[in-house]
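Before anything else, here is the set of structures, which you'll find just below.
Two complexes, one shared chain (chain A), two partners (chain B, chain C).
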Partner chain A sequence: MLDITILLDGVAYGMVLFIISVGLTVTMGLMRIVNLAHGAFAMIGGYLATMLLGAGLPFFAAAIVAAALVGIVGAVAELAIYRPLYRKGELAQALMTFGFTFVVIAALTTAFGTGIRTLPVPPTLSGVVDIGFRTYPTYRLFLVAVGLVLALLLWLLIDRSSYGARLRAAVDNPRMASAVGIDVNLLFTVTFAGGCALAAFGCVIGAALMPLEPYYALRYLVLFLVVVGVGGIGNFKGSFVAAIALGIIDTGGKFLVPQAAAYMFYGAVLILLLLRPHGLMPAKSAA
Partner chain B sequence: MKKMLLLALCGTGLTWATATAAPADTVKVGVIATFSGPFARWGEQFQQAIKVYQKQHGTSVKGNTIDVIYRDDGGPDPTRAKQLAEELILREKVQFLGGFVFTPNALAVADIVTEAKMPTVIFNAATAVVTRKSPYFVRTSQTIPQVTVPIAQWAFKNGVKRVITAVSDYAPGYDAEQYFVKTFKAAGGEVLESIRIPLATTDFSPFYERVLQQKPDVLFIFGPGGPPTVGMINTWASRLKPAGIRLLCTAETQEIDLPKIGPVALGVVSAFHYTETVDNPLNKALWADLTAMFGKNTVPDLASAGAYDAMELIYRAVANFGPQVTGDEAIGFWRGMALDSPRGPIKIDETTRDIIQNVYLRKVEERDGKLENINFETVPMVRDPWKDEHPE
Partner chain C sequence: MSEAAGNKGLAAAPIGLRLASVLHLLPWALALLVYVVAGGYLSLGTHALIMILFALSLDLALGQAGIITLGHAAFFGFGAYAAGIFATHLSNDPLLGLVVATVLTGLFGVFVGILILHTAGVTLMMLTLAISALLAEFANQAHGLTGGDDGLQVGRMAPLFGLFRFDLRGHTSYLYVLAALFVWSLVAWRIMRSPFGRSLDGIRQNPRRMRAIGTPVWRRLVVAYGLSAAMAGTAGALEAQTTRAVGLGALSVLASGTVLVMLILGGTRRYYGAFLGATVYVVVQDFAAQIDPFRWMFIIGIMLMAVVLFLENGLVGLVDVAGRALHGPRSPGR
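And then the complex of A and B:
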């Protein structure tokens, strides 16, 4: 029974990793922009959600409205900041997006202070449920469910819809895609906005485990990048598998050998990347 | 025209600077603390408490203006702290130094403080050894053993038999672990396991599952503040509290953090040297002025108490010796000094120059819809156990 608990914890933690990184799997994984500002968009959503909650909106409504608003912010940022960078190479993208992150941190610190802002989950989720052999925090089960739904929706959208096919075509060969009548610019703006909205949604939903503060964007940046990197750039299914695998390895390792806890996560990343330098599931065209 | 104006402005700035550097009736106090980055709250709390002190006691002592100069060390950065101390001592010609959130920063200035015979008040840096590093250091905060020993003793006296400790994996965490384990075992209790949790941990559940397996009476935690501390307490609430495992801690439930932890903290017992609700007139005045000057949500904390009492020491030294007070005079004067603090009575130890103070056992309760720590027991005038065990 204990094994099942640890496995469940591992999967739940993996889902959290997936949820907070899911926006980046779109902007960096699929669109291949070195988007170090993922956390910045995420926490803009988080702070918007605290304001919406303060204005009396229920938790889920606040999460969705905040995500939508950040989607708009993302669309503007894509037009103003990101578009000129697409052809400038990775270094320019890294510098620009990292700088953007610092600007957002400073702005949020000025507006809200450095302390943690809470995003209280609704009472229905804050308790525990009986799962047969023990009780388990409801919130964690909820995260697992949200992660699964998000993964399924993304899979349908990217691998099974014509939108997904057009997006993949536009990323792989924008000129050819334009030539066959795809509006590449519009597609990128919409997709980037979607990635930012997902970032914000993940931040709000996961805030009970990864508390919201102005340094959120940097504190968890490595986690975001690891999920996308280990999964394989260009493949969102890889990110999903990587997040779950890392969650299980990290959780199991910490439980069994807490003395080595500090090395467990990064040790796993090191070994996985040594074995699969292009990630667990590299996209064929990305390699 | 613009250029001329700028030049004129620079000119006045210069004369002003040279004019204030020398006069005998201005005493400069340099405060090195963290005013930016993730730890900026510390500097802000220091500064607000100093402003409250100066509002209550005036900005001058017997006609000598007390001018506080702030410098931002940006966080744990010993090199920067040392540069700032040099700058304040040599260029600004300060007569007192203060501040120091982090132990490494305080240690980094020890040599220059000794060389300059600069009376220096540590507002926070709580590693026991700090005051040993310069004869010109005094401390108005606490040491980790000082607040950890009382909670371990209280636990055993109140029927706790089996404990697991879980501390953040860094030096202050080891201090807390060492003193809790030592005290609790000496009293006759059993420590089943001591877990060290990496600072970067976001998911605490695997560690807590280990705790759950062993079913101790109590989990003692020490966290670094901020997100990890909130995570430590929330995970306890969702996993261990339902199984009847109680939580004990020191600073983790301070009132400034309680709203982030929420009602799960109700009933948690902790030991600390400053409780926001402690019933004494100085504390009430501090809180009232803080909220009047900086908004109704301002809450005093250990940083406020440390800075406030440091100002009291400095004001007393200037009142006694005048504006030309030397380092030896000030330190000699402070040794053995007893004063009333917002936290209750405190004393600067005659030999160690460290603080002797009450440690309060408190419990989180709800009053008027607000979570507060309420004292229920006082351990009077606790010395730093580390210094008593490690005599010079």
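And then the complex of A and C:
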């Protein structure tokens, strides 16, 4: 039954990847911004949570409050830093967001030191549960559950609500969307803030899998970009499928063929993108 | 074609002609001046020259041909390992090693280009990233060849032309790297102004229209990518030969990101952008890191953001501003 556990581990890892990356697919798909600072927002959430935990807040409360705070930071950043970027080229966007990431890293290391920070998992999640044929860590089942719930909520929000309809319209054609009376600017700010909050939330609850450290924002950025690219830019379902698939491939590779794990992950990315250059689910043709 | 080549490239030409000869000697005169006065900072100067060459190679692929890449360190690292392995196992003649590494990296670049250049945008970015990650993993695992995690120690190079020994203070290294950069920058200058370079301009601006007027777009891109890879390979080989060590860091995403930042900081497509960006980045990083090993990121980060907000086209934009001030308001704008 080794295989099932690896599969579950992979899915749990994929869920964390999805929660963090889903905001990035919005920035890159909706706002057409090369956003290299997404990991920085996740990281701000992680460090805020260590502070909140230190102040005595329970784990879940800390995760949610940190996410909310990062949402506010994200909204401010969208207005102050990203808005002047929309008219500039993608290279200027890359430079700006990269610079912002550097500043965030320097500020956080100044405030919190340079060591690895652990976010202790609460006792209710640190045990194991019996899943029929064997026991399995509660924490990872919790990740899978949270990921599924969030994915369902996002699906309802994007596919079924009026907000989602407006968002999809703006992704497909921003000018037409504003012509029919959608406040695209407001939509940008709100959605960007939401994406940042989700990234922060994912960073906090996934900290046991992706440890919080000063270079977090740069180290995992590549993973987030890969999820977005493989899934198809601006496509939420694509990101979900890509995150789960890459999570399983990465985890499976590390367990089964440790020597070739990195080959498997990036080899899969290479092959997928060569076969489907616009990602698993290209946003444009699907729309 | 001239129409598709766009206004920017054509408008830049008369400025280049007007300021020609004298001003183009300035960077090289400065480089020689650095050689005389640098003292203990000479090895930093050598590093800056190598990064200029690396950034210049990226400018050919990204600035000129519009190939967006997050994995250019693959070629830098390939050249570095090729030169290091060649020196260890075959011959420690520096020029022979440099040429071999350059040619091999160029061929590798053509191979990669054939594989991935039918894509564009973020997909291409991810593919370049994946290839550099795969190469880094190969270098990590082929321990016997590359030294894996421990890095590769390169033996001392034979004297240049059998005459000039590579001294510990790095005098020979500096001039050797400067000469290599000079040769490549002449080639790059020539490429930028050739019909081939103009067609790359056109492809960057509108590949579909270029294809419609009969340009073999894909083939041009592959050639440009191969040339760019060869140039990056030279830079890597110079790094291996002058520092006498190659590490996995040469292939890392961070190295790809850093050179990208250097180029954009200086300004793409402006030839001297690579010179300015790489030099400023290397020098500022070195000084800031001396103050505080972590807060250098703060200084660099603020610098990058300020450049985006206040300068139109990277640090080269400063030169434009200075030029306008010198020539007065009536000088023909761009």
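Simple rule for what comes next: the second predicted complex is superposed on the first by the 280 of 287 C-alpha atoms of A that agree within 3 Å, B and C clash if a C-alpha of one lies under 4 Å from a C-alpha of the other, contacts with A are read in each partner's own complex, and residues count from 1 in each chain.
To be clear about the criterion, contacts are C-beta pairs under 8 Å (C-beta built on N, C-alpha and C of every residue); 3 or more make two chains touch, one makes a residue touch a chain.
Not measured: the values here are computed from a predicted model.
Of the two partner chains placed by superposition, only chain C is touched by A:28; chain B is not. Within the superposed three-chain model, A:262 lies in touch with chain B and with chain C [touch as defined at top]. In the superposed model, A:251 makes contact with chain B only, not with chain C.
After overlaying the two complexes on the shared chain, residue contacts for A:135 are found with chain B alone; chain C is out of touch.
Judged by the touch definition given at the top, the superposed model places A:114 against both chain B and chain C. Once the two complexes are laid over each other on the shared chain, residue contacts for A:174 go to neither chain B nor chain C.
In the superposed pair of complexes, A:273 makes contact with chain C only, with no contact to chain B. Residues 109, 114, 214, 259, 262 of chain A lie at the contact with chain B in one complex and at the contact with chain C in the other. Here chain B touches chain A in the complex through residues 37-41, 169, 195-198, 200-203, 205-207, 209-210, 213, 226-227, 230-231, 234, 238-239, 242, 256-257, 259-260, 262, going by the rule given at the top. Chain contact summary for the complex, chain C toward chain A: residues 62, 68, 70, 115-116, 118-119, 122-123, 125-127, 129-131, 133-134, 136-137, 140-141, 253-254, 257, 260-261, 264-265, 268, 294-298, 300-305, 307-309. Across the complex, chain B is touched by residues 2, 5-6, 9, 12-13, 16, 109, 113-116, 118, 120, 128, 135, 137, 139-140, 208-211, 213-215, 219-220, 223, 250-255, 258-259, 261-262 of chain A. Across the complex, chain A meets chain C through its residues 28, 81, 84-85, 88, 90-92, 94-96, 98-107, 109-110, 114, 214, 218, 222, 225-226, 228-230, 233, 259, 262-263, 266-267, 269-270, 273-274, 277-279.
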